[in-house]
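Same chain, two partners: chain A is paired with chain B first, then with chain C.
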Partner chain A sequence: MAGSLIKVDEFTISSAVSSIILGGGSSGSSGLNASIDSTYDVYMVKYNNSGTSNDATLINSRVTVLGTPDTSANYDGAWKAIRTNTTFNNVSITNETQWTYTFGDSTGTGTSEKQSGIHYLFNFNNASEYSFMTVEQVMVNANAESKGGQGGYVHTVAQACDGIQLYASTGNIASGTFTLYGLKK
Partner chain B sequence: MATNLEFINSFEVTGTVQSLDCDNIFSDKYDVYYLTVALKESSAGNDQWIRMRLIDNTGTVITASEYDYAQLAMPANTGFYDTNRATGQNVILYGGIGYSDDTGNGGSLYVYNPNDSSSYTFLQAQAGSTVGNVLFGTKGISVHKSAETIRGINFHTTTFWGSGTVNVYGVK
Partner chain C sequence: MATLEELTAAAQTEIDAKKTANGGDGMFAQVNNERREFTEAEYDQAVIDKANSDFDLQENGYKQARQEAYLPISEQLDMIYWDGVNGTTLWDDHIAEVKANNPKPE
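Now for the complex of A and B:
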């Protein structure tokens, strides 16, 4: 039966790495030479068991252009931190050089101190539009707190992006499976 | 081209029930699952938040105090609130999957790593419901803080459901 959620790229960490790229052509971590392109308007990233080698570490993200992460200070975002043990937080960033927290918020090294989620990517390959990402995530953080995040992000540059880079704020990304899908038009 | 969202099973409310077991749905075939949930109370006045528990690898519904949960409640007629949260509970009372009354509801749920015996099981949900004729949006998360193999999920209410369906998919 034909379907509408199509796997484009996937990378499972078998040994710790400082960063990974989903899509990005020949710069992609999987070696599949996959890219975010005009085949689909909307892409989805599924990730699970995302963890780091150092305690209390963030996993941030950036768009890639021709396989190279864009480090310009044009990353904005806002999200709600959904917390099980205290009041929820509103968090935002403006003109940062990365999308902070997006794949790991204070990821720990204790039992199941990992993060999982589903993110949607919009207009990445459209050269005349900004790139947008929605975030839905659940985790146990470095303080053993069960926590979630819901929000939206934008990279305020109208350019064609071909992938997304994920990187640890310190040390390495130690675990996780990261999968990029296209949503069929 | 093959799809990567694969239908696993569907569970339907038949008769008037307080509990719906979706058993034998998690396996080593997928790490991540997507469920659609729509449940309707049997009559007016039977209104409750939809509760969840996980089912272990022997088929037993887990009632130990191992669940953390939190949801953002977004009522249409007043301010949003974040007080639906707790740790170390024996049921997921506010997991974000919504509220069922006699007008029904609709929600979706992702479940991460249920079959991994070395990992906690993580859930993330969102729903639209009506509570006393007021629209409620909910976004929630929950964690079963015990590393063990989970094979299913139980939905239940303290009142009665008269109809409804849960569909289960694997995200390959």
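Now for the complex of A and C:
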């Protein structure tokens, strides 16, 4: 259906930053004062050509509540890393203070060591349900290996979340375009 | 093996050195279309995050390293087949080498 994917927020990195927020109202990075709210049932995050300033850096994420990242130890997730250099492997986290490995693996500073992917966000605005996020990603990791990934994350708190924070485990996110869409009802 | 407390202290030193007030390049957040340096609370959180990340790497990093070092299953099956035919220990040697090169923390 034409016009069913509505751009809500977007931020392109021009100067390296450690932390960005998509949505989150006035705490959001773009200045658009966008929030995840009841306008749409499902939201989608797209990131393209995300790279880091330090080698072997992870991009992690957290939900935001009224623009503030929730740092409580309630982040679960599981995914399968599909690797070109060896067999697949399974990864999981429980009760961490962030969604670790949100972008699948660490990237580096080498040529083309970049990450792109899509996350669908469910129930973020529903105060009675946990927040869910799917993972679908492709990357060249810090060892210059091509990889894919598929899985999901759950934030096991029934609360309304208005955005998502992405941050580098060390150093800065040096490049990338990060976009939040709403799926039209 | 460093404790989480020791890694937290190391992360504190490293993050402190990043602050522009201490001559570092700074850590920055992009908020409302403005790039600004981390607040003290954000720097404190960065210390916690880095310590936890380093601790996890120390405790579980060998698992990822082994996953990456093991040859694909098809090649391992081939090794097992030829070990049976020739009486060699290619597969045992491969597994032992990967484990020895990526030891589990004591």
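Note that in this section the second predicted complex is superposed on the first by the 182 of 185 C-alpha atoms of A that agree within 3 Å, B and C clash if a C-alpha of one lies under 4 Å from a C-alpha of the other, contacts with A are read in each partner's own complex, and residues count from 1 in each chain.
In this section, a contact is a pair of C-beta atoms (placed from the backbone, for glycine too) under 8 Å apart; a residue touches a chain by one contact, two chains touch by 3 or more.
Keep in mind that this is a model prediction, so the values were computed, not measured.
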Chain B and chain C placed together on chain A: clash or fit? fit
Exercise for the section: Figure out whether A:29 sits in contact with chain B (first) or chain C (second), or with both, or with neither. Expected result: second
Check: Taking the superposition as given, does A:61 touch the first partner, chain B, the second, chain C, both, or neither?
Finding: neither
With both complexes superposed on chain A, which partner does A:80 reach: first (chain B), second (chain C), both or neither?
first
Based on the superposed arrangement, let me know which partner A:140 touches: chain B (first), chain C (second), both, or neither? first
Message = According to the stated criteria, A:46 is in contact with first (chain B), second (chain C), both, or neither; which is it?
response = first
- Message: With both complexes superposed on chain A, which partner does A:131 reach: first (chain B), second (chain C), both or neither?
- Response: neither
Looking at the overlay, what does A:102 touch: chain B (first), chain C (second), both, or neither? neither
So, does A:159 touch the first partner chain B, the second partner chain C, both, or neither? neither
Across the superposed arrangement, the tightest C-alpha approach of chain B to chain C, in Å, is 7
Check: chain A residues flagged as touching chain B and also chain C 83, 85, 87
Listed in rising order, chain A residues that touch chain C in their complex are 11, 13, 15-21, 26-31, 33, 58, 60, 69, 71, 83, 85-87, 89, 96-98, 100, 143, 167, 169-170, 172
The answer for chain A against chain B in the complex is residues 1-7, 46, 48-49, 80, 82-85, 87-88, 111-112, 114, 116-118, 136-140, 146-148, 150, 177, 181
Given the complex, residues on chain B that touch chain A span 1-5, 31-32, 68-72, 82, 85-87, 110, 112-113, 116, 119-120, 122-124, 126, 139-143, 145, 147, 171-172
In the complex, the residues of chain C that touch chain A are 27-35, 38, 42, 45-46, 48-50, 52-53, 56, 64, 67-73
